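Chain nomenclature is as follows: A, B, C and D, assigned in order of appearance, with residue numbering initiated at 1 for each chain independently.
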Amino acid sequence: MTDTPLLRLDGLTKRYGALLVTDNVTLDFPEGELHAILGPNGAGKTTLMHQVSGLIDPDGGQILFEGRDVTALPMRERVRRGIARTFQITSILPGFSALENVALAVQGRSGSSFRFFGIAASEKALNEEAAKLLSLVGLGARMDILAGALSHGEKRALEIAIALATQPRLLLLDEPLAGMGNEESARMIEILKRLKQEYTILLIEHDMDAVFALADRVTVLLYGRVIATDTPDAVRASPEVRAAYLGEDAA
Amino acid sequence: MRGLKKVLLSAVAFAALGGVAQAAPAEKVKIGLVTTLTGPSAVLGQQIRDGFLLSVQQNGGKIGGIEAEVIVVDDEQKPDVAVNRVRGLIERDKVDFVVGPVFSNIAVAMFKPVVQSETFFISPNSGTSNFAGRDCSPYYFVTSYQNDQMHGVLGKHAQNEGLKRVVLMVPNYQAGKDSVAGFKRHYEGEIVDEIYTSLGQLDFSAELARIAALQPDALFTFMPGGMGVNLTKQFRQAGLADKVKFLSAFTVDETTLPAQRDDAVGFFGGANWAPDFDNEQSKAFVAAYEAAFDNVPGTYAMQAFDAAQLLDSAVRGVGGDLSDKDAVRAALMKADFPSLRGEFTFNHNGYPIQDFYLVKAAKREDGKYQTEIVEKIFDDYADDYAGQCRLGS
Amino acid sequence: MSTTLLVVQTLNGLQFGILLFLIAAGLTLVFGVMDFVNLAHGVQYMIGAYLAATFTALTGNFLWGLLLALPTALVVGIILEVLVFRHLYERDHLSQVLATFGVILFLNEAVKLIWGAAPLGVPVPEMLSGNVVLMDGVLYPVYRLVIIGAGLAVALLLYFGVNHTRVGMLVRAGASNPRMVSALGVNIGRLFMIVFGFGAMLAGFAGIMVAPILSVEPGMGDNLLILAMVVIVIGGIGSIRGAFIAALLIGLVDTLGRSFFGDLLRLFMPAATASQTGRAIAPMLIYILMAAVLFFRPAGLFPARR
Amino acid sequence: MNEAVIPSAALPKGPFGLRRNLLPAVLFLAFALAPLAVAFGADPFFQSILIRIMIFAIAAISLDLILGFGGMVSLGHAAFIGIGAYAVGILASHGIEEAHVQLPITLAVASLFALVTGAISLRTKGVYFIMITLAFAQMIMFFATSLSAYGGDDGLTIWTRSQVFGSDILGNRTIFYYVTFAVMLGCYLLCRAMVVSRFGRVLRGSKENPVRMEAIGFSPYRFQLAAYVIAGMMCSLAGFLLANQAEFVSPAYMSWQRSGELLIMVILGGLGSLHGAVIGAAALLLLEEGLAGFTEHWKIILGPLLVLVALFLRQGILGLLTGKKNND
């Protein structure tokens, strides 16, 4: 624990009215780790991710990325620093082709976008990198399809490719398996396993099998509070967790 | 599209009066009538159209004995639309005369294209000060009045009556400011307050409360169209009608009285004519107009009727030869027609010299409302800007 | 400026605000619950006024005119809903703008064809035509007090209806989360028709109530529509409470601004400049107010939807 | 209803393909050749109508840039027509009639107004944006009304058209026609280049999904503001030309009804294609012109026509022309 972790949450707190949705969360995310967050619906998982990505502001506490305070930075600044994310409800540009979705993200970090001339869609450098990333998530053959016309699983994969195009150091994935069939899930898990080699990942996921297969560490949230954070096996064994959350499943 | 449109336009214009012979002789007089037919002020535009066409119809569809084609065009009360349409009349339809419009701002917009093309421009209603004075033109004739004169009537009346304290209330736009100037020219008493309302204002309760607090002898106001209807109703309802004399121009007239009804009865206005005007042609006109359109003609209709009569006399005067512009101008200048308001002559600036009256709104025996002449205020009144016009004289 | 004048002007501002509220209430519901941009709301107000004029003239009695005009306004609203608006709920805002703009053109012209271009008037009912003495020397027309009263009654009714009835609950839910309402298995088509018809009737009611004090003429709703939009935007779309407060705010700012803004400026500048500047700025005041409110609260004062 | 509210403006692959260019090419060629028809005996007034159509087409193109590609529904766009027109009118009334002086001032004033009002307006979204743009347009309209020295509500006649280095060539109708045509074509080509550029891609992306744009590191606000300023400047050119064509300026140029008409033109023609805006401007003005010749109650025909277009032609007239099926 001598190194500064890639991401540190320090006493993070968020309220909606009287409801405490993030309750004094303090967590460290070391570089290279895949950290999964579990918890029943309404436990505050997505809200936590929103705060890390900068979509919403916390009411208290700090977010340190690479040791620097990013709490006050807007989302786009955090993206530039290396925090990229996907959303629970797929967020892509449905009217753009899959390739353009990714190429636009590449464009975001390569040179100014205040260029009024020249056809962006024919910029070779952008397209090549985008194509590479699409192949990585298994969409190599679907690049020219309008994103809105892709299947659900393909859209989720596309969103990951978009996030990768920003060259993140930390990848925030909000339920990448949600709504997928068995086959699609299996494919996505393969993709995640590959990503795990290269990126630090914070993952929210309901699919237990996937979580325990992928995660290096697991944190369990309940009513916005961290009730456990440990290796998957230790969490699985924790009586507190079983009682509060897994208990229902185990029974 | 062009041919079709022309035929239809004239057909519409004539159909309105129950069909006039449609034969197209080699020579005919073409008149473009630009007026406001859409929007809240359409009723004024309708009076002008109806008054003008009534005269043409009475002459058997002719002007000066020659077949007349009247092309009625709606300016939509938008200056750029008016400019565009009037250009169409001049360039496409090659009209000999342009008659119109209702509103001064439209007239200002139309002025340049019409006058520059050396087409005669007859205004049946608006008469702005700049075209009477500095910017007067040999192609511009006005059969109504110079705007200030109507306001001056009330100023003069207030002065004659010895009213000591007067409040002025007008909409905050150019014509409103002109009306204040017109009133002040003839009134020397104390002006307690000048209230400027926004154009198109619906509710005058704020202003009326202020007037009630000031307790003046009279209110002078200029609230054309719907504003005037609202103001008179609210003035009456605020209980001011019995305490403050209501003097107005373009506020209580035959176009607004059907809505104001009893609320406006007894209110004073200034005019160059009223439907009860005592002369033969006027009586015949009112009767014919009411029979044809089922409403009481106001000065708008009267001035448009006179405009048609003026054209009739001028075309007759040059024997139908409209090519010699100077001759046409001279014939127009003579104003050799039986004006509904009796005496009518043109000043050198193309604006009329005529009498002005104090009028009062009244309910007729048949239940309709009209303004009636109370007394003559000005005799042979020429406008005050003619001196700045360097035409003719 | 005397205090009596201030009192009367405040009352006038209140009355104008109430009038705006009557129009804005229906508009904010239709906007908020159905996410429907109804530019034709203003012509429904106009139709109310014309119906009142017609029925009052026919029966010779304003109360009968009101009683007949109100359901007729509702029927007109429902006809419009069935013919046009119903097919646009699922469409984008721009299609709605185009269609309702077309409806405005049509109805404004239709009114002119039916009733003529000349303004119509409705006399103030006999028993309400007097004045009351507010304080010595200050009279106030009874009918205007009636408008204030009627407006407050409608506001109360709406408040009760929205907060304590089933339809009201659905309306509130719809304004904050339209998807949820359809998830609840409610017949959305019927809810929308009720809300729309009710909104049209409210606009019609406003038109009927103003017929005795304003001229009834084609296009009379166009400018009020813009004012009503200003009101609901300041108040927060979908919020009845917001519409009420914003309407009073606009009514007061406009009325008081028109009469006292010049006087106020006189404190800072020479009298002539002050009155001229005052005249120039007074009509802009409500727009300045709106821009300022939206600058600090981009979703209005009481945003219904998060 | 929030997703995919506005038909997508994304461009198909190969933005310079033949099919895509055929219609605009025919359209602009028709405008280019129209004066020939006059030379061969057609009604010269037709040329005046076309000039007017092209002027409003310029305004509509600029509105389509922010509406069809940026998703910004402005109900105050006519303010820029007014700014352009008043710049000409006010300068001319002080004897400054040179176009090379008037034009930079027009563009400067328009960009400043767009920058300030856009910066405030873009903080809001949806209907709030519609209304705040309306508010600013109303303010500047009332401001123009209060300018007594420049005619106030009556407006201002422009006695001399803008001079081009001392010559009155804009007074020649055919030259003025081609100047207007050149401006329209220029604006069109500029916008087309812009929407496929890097800038345009970010703008289109921001319209489709601003949160996604933030999540890949863009600030939609800055791009939208830049587009708003560009569109405002472009529209002020329309005002500049309108003032010279009508030889008259008036606060009526900036009324909210005018802004509404611009919106209608864009929607009627077909959103997000730029040449659709030209078609819409032509359609609305020709309909007005044609129907007004037909009957004084032309609005009773135009109204239902607009309703029918809204109900059945989701891509506007353009959808009809390209035969695009109107399903979602």
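Everything below uses one rule, namely that a contact is a pair of C-beta atoms (placed from the backbone, for glycine too) under 8 Å apart; a residue touches a chain by one contact, two chains touch by 3 or more.
Predicted model, so just to flag it, every value in this text is computed and none were measured.
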Per Cα centroids, the chain farthest from chain B: A
Distance between chain centroids, defined by C-alpha means - chain B, chain C (Å): 35
For chain A paired with chain D, centre-to-centre distance based on mean C-alpha positions, whole Å: 43
Centroid distance [mean C-alpha coordinates] between chain C and chain A, Å: 48
Between chain C and chain D, centroid-to-centroid distance (C-alpha), Å: 31
Per-residue multi-chain contacts in chain B, two or more chains: 37-38, 172
Residue numbers of chain C (touch at least two other chains): 109, 112, 279, 283
Sequence positions of chain D contacting 2 or more other chains: 145-146, 299
All pairs of touching chains, each written as two labels joined by a dash: A-D, B-C, B-D, C-D
Residues on chain D engaged by chain B in the complex (per definition of touch): 43-46, 48-49, 52, 145-146, 148, 151-155, 157-159, 242, 246-248, 250, 252-253, 290, 292-296, 299
Chain D-facing residues of chain C, complex: 31, 35, 37, 84, 87-88, 90-99, 101-110, 112-113, 178, 222, 226, 229-230, 233, 237, 279-280, 283-284, 287-288, 290-291, 294-295, 298-300
Chain D-facing residues of chain B, complex: 1-2, 4-6, 8-9, 12, 37-38, 72-74, 78-80, 83-84, 87-88, 91-92, 104-105, 108-109, 111-113, 128, 172-175, 177, 199
Parts of chain D lying in touch with chain A, wherever the complex brings them together: 3-4, 8-11, 13, 15, 193-194, 196-202, 204-205, 208-209, 211-212, 214-219, 223, 226
Of chain B, residues touching chain C in the complex: 37-40, 42-43, 46, 172, 196-198, 200, 202-203, 205-207, 209-210, 212-213, 225-226, 229-230, 233-234, 237-239, 255-256, 258-263, 295
